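Both of the next two complexes hold subunit A, though its partner changes from subunit B to subunit C.
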Partner chain A sequence: MVRTKNEAVSMAAGRRRAERRKMNMWCWLFMVPAVGFYLLFQGYPILCSIQYSLLDWSGMTANAAYVGLENYRELMGDGLFWNAFANSFVYMAMIVPLELAVSLFLAYMLNNEKLKARSVYRTMYFIPVITTASVVGIIMIFLLGVQGPVNHALTALHLLGSPVNFLGNAKYALPTLVVISLWKDCGTYMIYWLAGLQGVSKDVYEAATIDGADRRQTFFHVVLPLIAPTGGIIAILCAINSLKVFDIVKTMTEGGPYYATDVIATYVYRNAFSSEIGMPRLGYASAAALFFGGAVILIGLVLNTVKDRLAKSM
Partner chain B sequence: MLKRKIGSMMLAAALAVSSLAGCGAMPSTGGAQGEQADSAAEGSMAAGNTAEENHPETGMTAGDAAGEKITLRVVDWSDGSANQREAFHKKYMEEHPDITIEYTMLTVDQFKNTIVTMIKSGEGPDIFPIPVGLTLNTAVEEGWYQPINPYVTEDFAERFDPLSFAEGVTHIGGDWYTITEVMPTIQCLFFYNKDVLQDAGVTEIPSTYSEFREACRKVTENGNGNVYGLIDGGKQMNRMDVMARSLAAAAGGKIAATTKVLVDQGEAPYNSEEMKQALGLIRGLVEDGSIHPDTINISAPEARELFAQGQAAFLCQGMWCIAQWDANYPDLNYGVMAVPVPDGVTDTYVQAGELSPWIGIYKQSKHPAEAAEYLMALYSEEYGYQSSCVEDGTFVSVIPSINEKYMTNEVMKQYYTVAEETSKVVPTIAKRDVKANDFYAEVKDVQPSLGAIVQGIISQSITDYDAALKKLAEDSTAEWKRACEAVGMDYGMLEFPNWNTKEDYTDEDYGELE
Partner chain C sequence: MRKIKTFATHALLAGIGFIWIYPFLWMISASFKSQPEFFENRLGLVPKAPTVDNIIRIWEKAHFGTYFMNTIIVTLFSVLLVLVMTMMAGYAMGRFRFWGRNLCMAVFLGSIAIPLVSTIIPTYEVVKSMNLVGTKLGLVLSQAGGAHVIFLLLFTSFFESVPKELEEASKIDGCNYPRTFFHVMMPLCKPVATTVVIMETIWAWNAFMLPLVLTLNNPLSRTLAVGLYAFKGENTVDWTGIAAGGTIAVIPVILLFVFMQKHFVEGIAGAVKS
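And now, the complex of A and B:
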């Protein structure tokens, strides 16, 4: 029996569909554990937060009253929420470029095979990452205190006329936190950059050397364009991590002095779990968290659209 | 390509949202009361030895009868008496080989975050205190506690100072739910370092604002950047709140103790002349450079350490410091003085300590009889916990006979005497109207709070504190009115027209208002 050309084409397409289905099935099978955990530990809490944000609820009792969008309406007029909102973005704007630049610099240095004791340096730069934030906070409060060793050294070297209250002065508190976070977290991003750098073939370096490029030129004109996509991912991760900064702020300043370092996470924590008179406000805090999350997504979408339009127009 | 881009955006968005949705891990409210009742019943059945099944005379449980090893889970935040508690548990377990005490000490905040989850999951500890901010009535309504009367001996209640019992604090009707930790004392007196004052040539202990400011100035000048007049835990807004309220009350102001609400002339009393004077003193100290510059960066325990190291002449904290210093700084030469008053002001008093609910037995505890036995031992002379705490100066016990016998610490006696002489009982709305419990459950914090404003003054972030106080008073008045309306309580209940700050507010005074 001779098959017509159409039948043969349709059979081949059917085989391809079956293969694709099989492949998809395997993909889904491998994804099930991760998706399951995500739904359980992230998806469900997000849904709960959405529900709580519509309630007037302390989180401590069973008396939860449905208030619709009242929490969101109240947020709009809450100056301290907007202060924390702004502080979060200021923190992000300060730390992301610094974090990317410093960690890339370290990674590039440590990627040099001629550098002796590379693994020692890598470990050294990574140690702050695995140190608990509360321990870092306590040590840094001591180091940066008005009578601490940092001020002592800076005044002894005549770099400062008088000691600076790094954490107690509203002007310096947030930048100080940025520097400490930079020191603590840059090891993580250094590892990401190293992974990107190690993906660059040695041939590329050799070709650049043959063409007469020095180390700086090789980096800016050859390596950087190649690792730029990795950089994009690192920038996104760094931005997300900086927007949810909590532990270091909570340990070192509690959002003070007078809300100067209050970020969204500390604002949410304060409202959700503590109160001076009466009960905490878990519902209101959930609304703040969700509103901020929504705003971040919106800003991301707008920036992405602008970027695409600019790219098309160029 | 577009799909991939949208996908990656969605992933980033999901990561961002999930990072901010930490609150979502809390349990659901839907029909919680009904579920709780059901789970309580199930828990009781599973335990097999409910309160009803305890031996009616001996209080023994099925577990005792079978000679089973029992684990009592105790959770609280009593870090001030951690060593004494450890010694107590050791002794208790030695004398009760069938009982293991599993004790967890958390911070106040950690406890608040944890206990709700534990209870909602039916895994509450056998013995635990009421979180700060929650009233006993609410906790009992939520099914957290069970009465302890059926499990304790008849003479147990007789050990206690009658003033340590109060309706809505320890009791509801005839049922006894919680025992207070300590006899309430003022949370804010001023400790002074005698050596630091002597080095600065300050020979008289200051009693007025101007004397205090002058003493601080002298110490700071003499300290040459190493020693300052005043230090405190400025990172903790609650400590700043306590200091401001105490200074304002010492100036003659009608203001409630911390975490409580009272109204003066129809308004929240934050904008009163006395409060302005109090904050004026703090501003003056800041202008003089007399406040230790690290004050704003540190918590109360850290301030306590720096004071003991001789970095400041004065510290505004409570009795709990005494035991810590005696243990860690035995050579510290210090004393305690009253809260300073404005110049020319006499016969004024700060708010006496208020009774607050503390420890009780979990409603679903499988071992209520053993838990009650633990409490009886904790509040006995025999096991040494109360006596060692009193002896060390950690607190004043709720058992008068122990105070009489063991209060030997000289600074503690001094603290107690000054506290007794310079404080008066202030009225509380909870004693006047049972709806006050609902009011406290309804009312919301107004921010920036009094503590935050003081923090702003010390960090020099606030220049016009009068405006900040005015706004706080207006916003608080509006919020308190709203909360009263929401729970059906007359706003007038927040005001006590017959309150004379120079006298203790008594039951007769409450009676006059009925």
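And now, the complex of A and C:
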């Protein structure tokens, strides 16, 4: 039997189509575990959150009542919600610049091949990152307490007249949390910066040295502009992570004193899971969590646009 | 002049380093101090009469032995699950332009911004509907849930970099998709897999919000991170016990990190690059 050219072509196309179908099928089989877990513990919960946020619900299935947008309306008039919302953003505004500056300083110091023992320093700066935040928080309560070593040392050195209750004073509590988080997470951002700094070629440093620039001038006039794009990404990651803060706040202050350090995560936790305030309010807490989640995503998008604009104008 | 400068740099870096690790040194030292010595010698790092009473007390009486085992089991199995699923998905996304690939990637990437607090309530309900609240299995599954964006990116970019010839050769040898994956690709990705295992071990070990919520009704299923928090709530005065619990909770991850830090640091750096 003689096949025409057309038949041969269409058979080849058919084979290719079959091959593609097989490839698609296998790829999706490989995706099933990841996608399945994602849908179950991330995708589905997001959809559920939307539904819960429209309910007046204490967790017992029997007494869930549909209340429409009532939760959101109540939220808008809830001073404690706005207090937590504002605290989250104040916390972010305080920690992002500090964290970026300190971690960049450490990274720049360590990004020097002639420096001996730099891997030892890197390990030291990184240790807080890998330790359990809740454990760190609890230990810090004592270290920073009125009777703790920090106050002891500061008064002994006459830097403080009398011991300061860092975590019990509404004025100092949030800044203290910022300092502790700064210390805790600095290593991560230092590694990010190091990755960026390693992209700057040695010739750049050499050229700057030949031109008579010292290390500080080289940094501000040559290196900083070069790593600014990486810095944009690092800043966004830092901002998003700081808005998610929970472990440190929960273990160190529980949001107190008098809600001075209450962030959205502790606010939602208290409303949904804690028995301190009577019946849990899952619907109301979901509305708060969703509203905040939306705000975080919005901030992420805005920052990303700002970063792209800046990159273009440079 | 040059020497002075180098010395100053080292003094500065070492000084910062000491401040950075002082809390841990203090905690470890406090867990070997007796109660009276603890309050007498608040700043010092060397216990005069070292004792293991605190460790034994908290291990046996405060259930830290149980918490320790719980943490190990939860960490071990969630790491295994995460490793398998991110490796498989990374392989598919790194090697093939299959239907829906870009959508999957976009959805995973977009999840970076979603805070855990926005999904924790329904996640609790999902685990509850499986009847797994307060069990280790519930903790393992929910800990393994989520997007694991960094690990997906690491595996995807690794598999993208593997030369095409390898796959074609194995195809000619008659290997089908799963065989190619298991016999050709899996052995290749050991370095990335090590990084993922170490990072996820540390994250799972340190997880707090999920285990806190999921063990509210069953204290004996607590992990170390949650156990220490609960212990502090019940025994505010037993600071040497708290320090001992903290030491038990952080020593394993510190050791793991010190010996395997290369992989961890490379993973973090690789994530920001891609």
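By our rule, the second predicted complex is superposed on the first by the 248 of 314 C-alpha atoms of A that agree within 3 Å, B and C clash if a C-alpha of one lies under 4 Å from a C-alpha of the other, contacts with A are read in each partner's own complex, and residues count from 1 in each chain.
One rule holds in what follows: a residue touches a chain if its C-beta (ideal position, glycine included) is under 8 Å from a C-beta of that chain, and two chains touch if they have at least 3 such contacts.
Because the structure is a prediction, the values reported are computed rather than measured.
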item: Clash-or-fit label for the pair subunit B, subunit C on subunit A; value: clash
item: Partner chain(s) touched by A:L282 [first = subunit B, second = subunit C, both, neither]; value: both
item: Subunit B versus subunit C as contact partner of A:Y172, first or second or both or neither; value: neither
item: Partner chain in contact with A:F273 - subunit B first, subunit C second, else both or neither; value: both
item: Contacts of A:Y205 with subunit B and subunit C, given as first, second, both or neither; value: neither
item: Partner chain in contact with A:F89 - subunit B first, subunit C second, else both or neither; value: neither
item: Which of subunit B and subunit C A:V146 touches, first, second, both or neither; value: first
item: Contacts of A:Y72 with subunit B and subunit C, given as first, second, both or neither; value: neither
item: Touched partner set for A:I264, first subunit B, second subunit C, both or neither; value: both
item: More subunit A residues in contact [subunit B versus subunit C]; value: C
item: Partner chain(s) touched by A:G256 [first = subunit B, second = subunit C, both, neither]; value: first
item: Stretch of subunit B, among 20-28, 56-64 or 488-496, that runs into subunit C once the two complexes are superposed; value: 20-28
item: Set intersection of subunit A contacts, subunit C complex versus subunit B complex; value: 42, 44-46, 48-49, 52, 141, 147, 240, 243-244, 264-265, 268, 272-273, 282, 285-286, 289-290, 292-293, 296-297, 300
item: Subunit A residues within the subunit C interface of the complex; value: 22-24, 26-28, 30-31, 33-35, 37-38, 40-46, 48-49, 52, 106, 109-110, 115-117, 120-128, 130-136, 138-143, 147-149, 152-153, 183, 188, 191-192, 194-196, 230, 233-234, 237, 240, 243-244, 246-247, 250-251, 264-265, 268-269, 272-273, 282, 285-286, 289-290, 292-293, 296-297, 300
item: Parts of subunit C lying in touch with subunit A, wherever the complex brings them together; value: 9-10, 12-14, 16-18, 20-21, 23-24, 26-27, 39, 42-43, 81, 84-86, 88-89, 91-93, 96, 98-101, 104, 107-108, 110-126, 141-142, 144-148, 152, 177-178, 181, 202, 205-206, 208-209, 212-213, 216, 224-226, 228-229, 232, 239, 242-243, 245-246, 249-250, 253-254, 257-258, 261, 264-265, 268-270, 272-273
item: Subunit A residues touching subunit B - in the complex, by the definition given at the top; value: 42, 44-49, 51-52, 55, 57-64, 80, 141, 145-147, 163, 165, 167-170, 236, 240, 243-244, 252-254, 256-260, 264-265, 268, 272-282, 285-286, 289-290, 292-294, 296-297, 300-301, 304
item: In the complex with subunit A, residue positions of subunit B that touch it; value: 5, 9, 12-26, 28-29, 32-33, 36, 109, 112-113, 116, 131, 133-134, 138, 141-142, 225-226, 234-238, 241, 258-261, 293-298, 302, 311, 440-445, 447-449, 451-452, 455-456, 458-462, 483
